[in-house]
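Consider the two complexes below, in which subunit A is the common component and subunit B and subunit C are the respective partners.
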Partner chain A sequence: MPRHSTKGVLGDFYTPDEALAAAARVRDSQYTHFDFLTPFPIHGMEEAMGQKRSWIPIVTGFLAFFGITLAQTFIYYVMIGDWPMNFGGKPNFAWPSFIPVTFESMVFYAAIGSAIVAIIAGKRDTIPQPHPMKIKTGATIDRFVVWISATDPKFDATEVQRFVTSLGADGVRYVDAEAGNV
Partner chain B sequence: MTTARSESLYATVTGDAGLKGVPVILPGAGPYGGDEEIPEPLVTGGKTYQDVDRDICMHTEQFPTRRWWIAFGVALFLLSFLVLGVATLFYSGMGILGINHPVGWGSFIINFVFWIGIGHAGTLISAVLFLFGQKWRTGINRSAEAMTLFAVACAGIFPVIHLGRAWFAYWLVPYPNDRGPLWVNFNSALSWDIFAISTYALVSLTFWYVGLLPDLATVRDRATHPWRKRFYNALSFNWNGSHRAWRHYESAYMILAAFATPLVFSVHTIVSFDFATSIMPGWHATIFPPYFVIGAIFSGFAMVITLMTIMRNVFNLKNYITLNHMEAMAKVIMLTGMLVGFAYTTEFFMAWYGGNEYEGFIFRNRAVGPYGWAYFIMFTCNALVPQIFWFKSMRRNAVVLFTVSILVNIGMWFERYVIIVTSLHRDFLPSSWGMYALTAWDWMILIGSFGLFFTLFLLFVRILPAVAISEIKGVMDPRVSATKRPTATAAVHAPGEV
Partner chain C sequence: MSHGHDTHVPAAPSPIRFPVWTLIVAGLCVAAGAATFLWTLLGGHAGLAWSAYLAGAFYALGLGVFGVLWIAMTTLTKGTWAVSMRRIPEAMAAWIIPGAILAILVGLGSHSLYSWTDEAVVAADHFLVHKKAFLNMGVFYGISAVAFLVWTGFSIAIVGNSLRQDTTGKVSHSRAIVTLSAAFVVLFALTFSAVSFLYLMSLEPHWFSTMFAVLTFTDVVQTGMAFVCLVAAGLVARGAYNGLVNENHLHAAGTMLFATTGFWAYIYFCQFLLIWYANIPEETIYFLRRMDNGWLAWILVLPVLKFVVPFLFLVPRMSKRTPWKLMAAGAWVLMAQFVELFVMVAPALGHGEEAVPAHAPTVEALVTLGFLGAFFLVFAFTLQRRAPVPVKDPGLRECLEFHH
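The block that comes next holds the complex of A and B.
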């Protein structure tokens, strides 16, 4: 699936509640390549758009486990395997003093890894999006914009515009970035 | 559930004067005939979404004001102290500093703990208040997180220059080397510090940047120059506000908050281990981790109040950082101030109750010995001065808030001074007792670190949106924006218009 689409239909809403009501109707319609572009996340939008919960926490779990394993293995190699040192006759495998570094390693991989994966997932786990430099939507300013991409198998410009207007959207328009119609 | 009456309340509050700091209670207005409580708006002045963008982004879009240039000039001047001080230190060696036998940990370790402590409030505001659903954090979290990053940058300098041979600082990192290989000692609290602070700096940076993404897109969409547009578009990774991206974004933001919360507590705990794992009387105490964490939150919130007071006035953000925000922070200051006061008293109680004569002597010496004046400053500024916030009128007085925040920061610097210097200057052997004083070079590097901090902060408010725009929009009443929108015909887009 291409990451960006240059053609599609846009319609504006001005409050999150209107967008939420419209999202449920788009979800139940025949269109699948749709999205809502909003200035801030709207509570309940995932259900309204028919999306499952984000799978990022699963990735976080694996990354946290990786961080713990890496730190434990490395410390074990350094302190017991490669160069064991005698600290007042205490055991080399002094596991309580390995906890702080292990904890920090877990946080490092889980937190930063999740953020990177989430940013990539926002680009990949999606439908063809309007490129923000090519199509101006106003969704980062004050509009709650519904987007139905022309890549949708059931896409028909006139029909989709009629459907988006029936949702109560304002300023419904067909955009074609290649034709300069944005 | 907001009613028609709450709508009019949102529209009529124009500024701080309209806020009382208590919710409006409407008797009998609730859905089942009970009272309805309407919280005061977090954003005043009847702002629309577009107003928010303009008020916050304008500081990145126009030529800096005269006041900004003056502030920046002063900050750069102070920064030159740091550059000159550190350059001289590298050239001449550690002898130019006040540290000597027996006080081998001096102003650099004091400054390190001080700056790391300041950094903690940013993560606390962004992560802990986020997990607790405190919506007032939205007005201050961005600049508080930036403050964290810059404070950690200042803190990071000090342990490195304290090494003496700072050019060997990379020896602190465990990597395969041709010195044996000689690894770092993972049993040492100083080695834990390296991991804790570098993780803290990087996770805070990630948290801050993830929060910035939607706002960078807003700056991009307001930009007119094509290169400015490209620059901010690259920074925002092509963010277009897609809800399919928001879904993962929100999940990751929650995870970052959930990991940053234990991280912030762990970092200052590990900093306190630098002291607590030693056998010095006055340091070797189990109270140290919570005592340090609370002190860090206390000093950090004080610095946030200092910076927010300036930002509210210089950048005209009084509608977004309202007096209610300042009052909430004053309450945190009062609570944490009482907790550090409690910790000071507990230390004395334990010194007496524990029956250890060295411990007992150290604490008597702390309060009434040659450094009693420092203890007096510390106790007054940290435990007594914040008591003024029992009075609501004081919590809502900008001058009092600013003054107390400065006093708390002075007090917290002296707290670290007291802990480090009084424990070291008179230890077990009276024959090795001595005194410690900061030299001019110590002062120069301390003052210079403030220069670095303010230089970075002033650059931040010029280049990036200093208030979290998308989060502010999320706590606003959307009806205010919707009722002020252009009429239906005007709303149809002209090409390129937003």
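The block that comes next holds the complex of A and C.
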């Protein structure tokens, strides 16, 4: 699926509550290629839009265990296999000494890895967004914008505009950046 | 088109009623605890009786003072999600007065518990001669009195402002609670540290740990949060809150329990790591005594009980949002706190010379259950007498819109 779409219908709301109520109605409609563009995150928007839980926390969990294993294995290799050292008469592989660095390794791999996975997944698993360079929305200022992309299989410009107007949106418009209609 | 907020505010719920069987069970626990303590004390096992009493009294007092501490912490961090369930910590704070009286009675058993009360032992011990300025009964009673008076005063002032706001609806009560909270967290840090040194750390008078005060503080926060989760989830499951406390608030409380569980592991491991790495005899004695005479299994199982199990259990989202799962997590952490106090207190008996072998914690468990039963009765009757939700609090609207 393309990341951006240059064609679709936009409509403006003025408050988060209106956007939430509208999101639930779009979710229950026939359209699937829709999104809500808002100036700030709105609590409850995922449920209202009917989004599934993210699978990224599972990746984070695996990366955390990877970080733990890597740190302890590396320390074991250094302290036993590669260059045995003794500190303070403790056993060479004194694992409690290395719990802090194991913890840090866990956080490092879990955090950085999750961020990279989130960026890649965010670019792949998304419905086509209004092209950021070609379509202007009020979402960067003070509007809560509903977007239904023309890539939607049920898309019909007139019908979608009528539907978005029925949600109570203001400034409902069909945009087609290629045709110069923004 | 309406541009205003039209959040539906549920009706204020009717006063909370705990199921009668919980009150009966709590009453039976009190009877069993008191009987066990007296039986053991009069049966000639004064040391065992008083160490069980100390563990139980400290446990319950921690739950009581957590009530005020939790209100102070959520107020200062503007944690409005905790507003609708605030009557729970307020009712917990009602235990401070009876709990403080019961805790100060530990002084009656000081000769069985603390070797520094024995003049002959102190005179023969270079360390204890130097520690005498702090470790004596005058300081014990004096600091206890100051600490307990401070906690009582702040609990009355903070809870009083909150209750008066129900009728007057004035914002000035909320402002007063902010000021009181800021003063309380500082005074609590000082007084609670001193109390934990005197009551628990001085059981091993040679031993000292720079992590001890923060460890007992962590215990109080983790255990108190577990109790709040247990009660709040139970009341939500019974529909006692009309949705004013819902699964989003339970999720936040469960997340707090999860966070304090992680924090406990951090602090507990810190104390162990510092002592193990430095390897100084005065410090290692604490762990050496708890690795000998059969105690090793207890000290090894403690991190599993208090960290590994609740941590992994609370990771999934639904264990924080499903009432019975959150209740299970809370009850588990409350049980684990008993084990921690048992491992802290019981091996210290015998005035440091004759080692105490590990034993099943029968007496300790029954006496602690007695204290917890008494705590629950005071808590339940206080909560039932008051309006269940602070309906005039200015943070309530934000609290009701809270999503997780």
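Convention: the second predicted complex is superposed on the first by the 178 of 182 C-alpha atoms of A that agree within 3 Å, B and C clash if a C-alpha of one lies under 4 Å from a C-alpha of the other, contacts with A are read in each partner's own complex, and residues count from 1 in each chain.
Please note the rule applied: contacts are C-beta pairs under 8 Å (C-beta built on N, C-alpha and C of every residue); 3 or more make two chains touch, one makes a residue touch a chain.
Source: prediction; values computed, not measured.
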{"item": "Clash or fit, subunit B versus subunit C on superposed subunit A", "value": "clash"}
{"item": "Touched partner set for A:Asp125, first subunit B, second subunit C, both or neither", "value": "first"}
{"item": "Touching partner for A:Asp17 - first (subunit B), second (subunit C), both, neither", "value": "both"}
{"item": "First, second, both or neither for A:Gly44, with subunit B first and subunit C second", "value": "second"}
{"item": "Partner chain(s) touched by A:Ala139 [first = subunit B, second = subunit C, both, neither]", "value": "first"}
{"item": "First (subunit B), second (subunit C), both or neither touched by A:Gly88", "value": "second"}
{"item": "Contacts of A:Asp156 with subunit B and subunit C, given as first, second, both or neither", "value": "neither"}
{"item": "Residue contacts on subunit A - larger count, subunit B or subunit C", "value": "B"}
{"item": "Which of subunit B and subunit C A:Gly171 touches, first, second, both or neither", "value": "first"}
{"item": "Where subunit A meets both subunit C and subunit B, residue numbers", "value": "14-15, 17, 53, 97, 100, 170"}
{"item": "For the subunit C and subunit A complex, residues of the former touching the latter", "value": "1, 3-7, 269, 272-273, 276-277, 279, 315, 317, 401-403"}
{"item": "Touch list for subunit B against partner subunit A, complex", "value": "48-50, 53, 174, 180-187, 191-192, 195-196, 199, 202-203, 206-207, 209-210, 213-214, 217-218, 220-222, 229-230, 233, 237-252, 255-256, 259-260, 262-263, 266, 270, 273, 469-471, 473-474, 478-479, 481-482, 485, 488, 491-493, 495-498"}
{"item": "Subunit A residues touching subunit C - in the complex, by the definition given at the top", "value": "14-15, 17-18, 43-44, 53, 61, 88, 96-97, 99-100, 168, 170"}
{"item": "Residue numbers on subunit A that touch subunit B, as the complex places them", "value": "12, 14-17, 35-42, 45-46, 49, 51, 53-54, 56-57, 60, 74-75, 78-79, 82-83, 85, 87, 94, 97-98, 100-101, 103-105, 107-108, 110-112, 114-115, 117-119, 121-123, 125-127, 129-133, 136-143, 145, 147, 170-171, 173, 181-182"}
